[in-house]
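Across the two complexes that follow, chain A remains constant while its partner is chain B and subsequently chain C.
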Partner chain A sequence: MPGPWAFLFDAAACSGCKACQAACKDRHGLAVGVLWRRVYEVAGGSWARERDAWVPDVFAFNLSIGCNHCEAPICVEVCPTGAMRRRPDGLVVVDADTCIGCRYCAWACPYGTPQFDDASGRMTKCTFCADDVDAGRAPACVAACPMRALDFGERAALEARHGLDASFFPLPDPSLTRPGLSIVPHRDVGRAGPRTAAVANREEVGG
Partner chain B sequence: MTPPPRKAPLPRDRIVRVGCPAHNCGGRCLLVAHVRDGRIVRLDGDDRPEDTLADPQLRPCTRGRAYLRRQYHPDRLLHPLKRVGLRGEGKWARIPWDEALDLVAGEMRRVRATYGNGALFVPYGTGSYSQLNGSVVARRLMNLFGGCLGIYNSYSWAAINVATPYVYGTLHTGNQRQDWLNAKYILMWGWNPAEMRDGTNSELFVRRAREAGARTVCIDPRMSLTAVSLADEWIPIRPGTDTAMMSAMAHVMITEGLHDADFVRTHCVGFDATQMPPGCEGEESYRDYILGVRDGVPKSPDWAEPITAVPRATIARVAREYATIRPGVLYQGYGMQRRAYGEQVVRAGCVLAAITGNVGVHGGWASGLANQPDGGCAWYVFPTGDNPVAASIPVFLWSEAVLHGKGMGQEHGVIGAERLDADVKLIYAIATNCLVNQHANINRTIEILRDESKVEFLVVQDQFLTSTARYADLVLPACTQFETWGVEDGWKYGDEVILMPQVVEPPGEARSDYRICADLAERLGIGSAFTELRDERGWVDWCLDHYRRTRFPGLPSLDEFEASNAGVYSRPVTRPEVAFEDFRRDPERHPLETPSGKIEIFSQRLFAMGRPDEIPAVPKYVQEWESPFGPEAARFPLQAIGHHTLHRVHSTHDNNDWLAEAFPQRAFINPVDAAARGIADGDTVRVWNERGVTVLKCRVTPRVMPGVVDIPEGAWWEPDADGVDRGGNINVLTSERWTPLAFGTAQHTAMVQVGRA
Partner chain C sequence: MKERSLLAFTLLAQLAVGAFVTVGALGLWAGITEGEPTVLLFVDGALLWVALAMALAMLASAFHLGAPASALRAVRNLRTSWLSREVLLMVSFTVLVGLLSILRRSGAGSSALLAGVAAAAGTCGLGLVYAMARVYRIRTVPRWDTVRTTASFFVTMLLLGPLAVAAGLALGPDLTQAAARAPLLAIALVAAGGFSAEIALGGRGVLHTVRGAILFAGLVLCALSLLAAGRSGAFLAAAFAAALAAQGIGRYQFYVVGPGRPL
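Let's turn to the complex of A and B:
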């Protein structure tokens, strides 16, 4: 059995176009307000007047995040019903029949991954398009990316090539959950911090 | 004779490869539609197994991927609607198709009999944009009916279409995009392929060029997604001042001897006094202008800094980089030519490309419009026929032709006739929101349309009750591209033919644009002349023949193409072509199609127009008619620009909730300007000038430069009871004044004020 799977995201190349987000919503029929994949705009910096010129010291980059199908998923840990579980193949899934919609998982997940669906009153989340991947196809978000900035692979292979330890603002410490997420950093990730940058599009990623 | 009905019903369950419904987005992409029980339930992107540089997958953008929210929107028009209240009042009665078609045919006859064919008008519009869907079918109908007032040029490219040939004698100035991998330097000047899609995969080719070693610089008033993801450096510039920076770059090159003097000597005219055209020997050359020989103002970086707000050292550095890191690409975006004197920036960019010797070489780029050297895509293939009415107007001046068409002439850009012989009295608007939403100065436009003595009959054919449709006398429900047959080749770059088979049945009583016009033709006694006994698929077959005869000799038959379910037939680009290669090698044997046969830095034709202040013979920076430097800035100190958002294609998709969720309509404003006005991120703001007011939420962001408020164009106009727009439509603020040479839109030139609502 191949897997467990992980995502590879090239933050330097991501344009923030959200084709991944729309493809995900189409693939899984998600309502407005339910974002199994979210694209965060991280921005910061300021402007200075230099004689008659305006000089920017501004930076921005995008982060496209679905579910990282973590090795130590907090969402599973905090779930009171066992609805959220990590399968033997590494995929973290939620069982709608068992879920009571208490949202503990959403509060606990540092990536904002579990998404409450108003219509069903249950939590929902990225499935890594397991059916597609099992059939030898890419997850919908990966296949969609016009910039070819999103990819996937076996966790061990991505860890060997790119590491799974991306750690920059606003990402949490990867040791918390051991996410299946490799990131090629944008040049400006080093400039971003809690005092120097913000998620500038909060309203677009669920507040 | 009505086209024969389709023989077999559509399959209820299947997977179909189909071109993404095109709306003039600049992409031409491939979707895979999953149909269950007669309904599209899922859209995948191009799934061809190979994804190579020569023949990359045509992956749709977020708009294509979110298309089902538009396709199955609850507000789709399902029945013909006749106005029962005043124009624009929004009162409608549902009527049968027969009555609707009789009404249109009757009005066409009446207006023709009363005013002549020149009073009939089919406006510019790109809301449906395949070879079979959209306004082209109405043009064919009108032409067979004796013609209608013609249009030329576009809202998108008015100045660049007109100005480029003054320099190069052609619009085919671009290399094929794979050639960007040969560039060492790429200046993306006001160009934003990551958001507007300037050809499917253009953003990907820039990425690959960077990986191949090109340094990339983005010059733009906003830190666009292109600046974030494709540029090594972002340089903000005050809108409307690009020509000043370009001139200052030329100053650096000339004074430091960095320009390609050999190429200029052999391939250009008008650069300096040694190469002025005959009869203009004593006139001001480009070098004279740049060095300030006549006006005493050297166009140096010191001069340009207070105009452009770009530091003088930055201007000088970029000039040195572009002049010495060769070959290089200066790609001109289109937003900066949709401005006052938009012709100047086009010519100035071309001149920089020329004097740096970047013309006719691999890895270079001549600038200008940059259609493809091998001819590129065909744009229009469906045969509209000849228009018996010889007169045409620039698309942007349609409102002038309504107000005072009769007698309008050359001074309004009329071509084909000395004067128009009628005002526009009947408008047949298909797939266009250019009458209200996308035209300048909406509050002016609606006053014109409200006056029923001017336009006597306005029929709008669309998929939704758009701002334009709200002013119609009759609204006809049209198919989306998934509901009828179509075909297209690529956009601008175009190395593919993409089939658009009918995927699903139309909802309600919606009909295809072609079918509606065929039914009208039948009533007007020109039915078989219109259809030639073809249905939509029959015309797709006709178009495929055209493609086969021109750029795609190996294109399969329609039956084979459809049966293969391939969706796309491509010509891989393994050896990218370069514009002007022959001219570069031997300018005497392969002259340009300019009067001199050379690159015209000085244009004798423009000189002869005798309007040096607005149409100078060499490209010059001209202060805009609304500007931060003019007296209007006291009341309206901010420049309003309207970038092309990923939420929409112009006004199409504004009502798409997935896209509104992803890219909500906001006024983007710099923290400096926000703080000065007590505005906080997320506040609702009023943006106004003498032409109108719009109210929308704002986002305070350092990604737009101080002095600029950015309101993405295309939001649907939603006036409240006081006429205040609540939809965030920038066109309540824009001006109907046109550019001097191209008679093109200058909608991006608008000064405004912003305050908390």
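Let's turn to the complex of A and C:
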């Protein structure tokens, strides 16, 4: 059995077009307000004085985040019903028939992954397009990316090539849940911090 | 605010557990002093109110769910989920308080059985408040994962429960002033400690300043109840209103601020 799976995101290549977000919504028929994949626009900076002139000294980069199908998924740990579970192939899935919509997983997940569906009263989340992957195809978000900024692969292979320890702002400490997420960092990630940058499209991505 | 039902649930449940512990102490005191049948009658009535408060708390908690009809599934993951443990303790505490109330009123149980049920209920109640705090102490939510969360939930229990009992003693029709004096004195001291602890925990912002003023008013009312023995019940009933308002504001802030993560 292949897997466990992980995503690779090249923040330096992402243009923020949100084709991944739209493809995910389209592939899974998601309701308005439910985003299994979200593109966060991280921005910061201000004006800087250069001799007698004030010039803009700003930066921005994008982060495309779905479910990272963590090795230590806190959503599974806290779920009171067992609806959230990790499959043998490492994919974290939610059983809508068992879920009672308590939203505890949404509080606990540091990536904002589980999304509440008002219509069904249940939690929903990224499935890694398991059917497509099982059939040898790429997940919808990966297939849709025009910049080839998103990719997927087996966790061990991605870890060997890129590591799984990206922890720059606004990402949480990866040791908390051991996410299946490799990131090629943007050149400005070192400038981003809780006081120097913010998610600029909060209204769009929620949280 | 999406968590209105959780605000009601946590406050009501903490009030109920605090009231149960206070009523238990009151019952023990009445048993030891052997001469206050009116106090024992009050205990019987108070147990029913505790059970009713817990029933309301459970109802409020179910309103938070997307599928309330399936609420009982919430006990399926006792192995790792504090929410499952909380639900189990909540149901156990409510059932045991109801059972204790029935046994006392019917006179069916021996004193050993009554003591056993009361001890089990008290253990479940205190366990419930601890589990409620643990539900929010998630390692991925640094804002909630502090000892302050646990302290706040237990202080709420110690403020609302005893003061609710004091209000009941003040409003209770059959209790003599002499019978109520010692319990009201003890409650005033506990509540003063609770108000002081909440003031010491501190905070920032306009809403916190308003809350601080209410807490201080509660502390003053407790002091007044100690000084004016004849009207201590009325002062403590007013202190209960202050505690309810202050803890309501505090819990509102807790949920409104939320996990507060960047993603």
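Here is the rule we use: the second predicted complex is superposed on the first by the 199 of 207 C-alpha atoms of A that agree within 3 Å, B and C clash if a C-alpha of one lies under 4 Å from a C-alpha of the other, contacts with A are read in each partner's own complex, and residues count from 1 in each chain.
Following the convention adopted for this analysis, a contact is a pair of C-beta atoms (placed from the backbone, for glycine too) under 8 Å apart; a residue touches a chain by one contact, two chains touch by 3 or more.
The shown structure was predicted, so the numbers you read here are calculated from the model rather than taken from an experiment.
Visitor: Clash or fit: how do chain B and chain C relate after the overlay on chain A?
Guide: Pair status: fit.
Visitor: Once the shared chain is lined up, is A:C79 touching chain B (first), chain C (second), both, or neither of them?
Guide: After superposition on chain A, A:C79 lies in contact with chain C alone.
Visitor: Which partner chains sit in contact with A:G101 here, chain B, chain C, both or neither? Use first/second/both/neither.
Guide: Only chain C; A:G101 stays clear of chain B.
Visitor: From the overlay on chain A, compute the angle at chain A's CA centre subtended by chain B and chain C, rounding to the nearest 10 degrees.
Guide: About 130 degrees between chain B and chain C, seen from chain A.
Visitor: Check the residue A:S46 against both partner chains and state whether it touches chain B (first), chain C (second), both, or neither.
Guide: Only chain B; A:S46 stays clear of chain C.
Visitor: Would you check which partner chain A:P170 touches, where first means chain B only, second means chain C only, and both and neither mean what they say?
Guide: The second partner, chain C, only.
Visitor: Now for A:G33: first (chain B), second (chain C), both, or neither, which partner does it touch?
Guide: first
Visitor: Just to confirm the geometry: in the superposition, how small does the C-alpha gap between chain B and chain C get, in angstrom?
Guide: For chain B and chain C in the superposition, the minimum C-alpha gap reads 16 Å.
Visitor: Can you list the chain C residues touching chain A in their complex?
Guide: Those in contact with chain A are residues 64-68, 70-71, 73-77, 80-84, 87, 135, 138-141, 258-259, 261-263.
Visitor: Looking at the complex, which residues from chain B come into contact with chain A?
Guide: Checking each residue of chain B against chain A gives 41-45, 47, 51, 59-63, 65-66, 68, 194-195, 201, 203-204, 207, 223, 225-226, 228-230, 234, 236, 305-306, 308-312, 314, 646, 657-659, 661-664, 670-672, 682, 699, 701-703, 705-707.
Visitor: Help me check something: in the complex, which residues belonging to chain A touch chain C?
Guide: 40, 65, 74, 76-82, 98-104, 107-112, 116-117, 120-123, 169-172, 176-177, 194, 198-199, 207
Visitor: For a test of understanding, state which residues of chain A touch chain B in their complex under the given definition.
Guide: My answer: residues 12-19, 21-23, 25-27, 29, 32-33, 35, 39, 43-47, 50-56, 58, 60-62, 140, 143-148, 200, 203-204.
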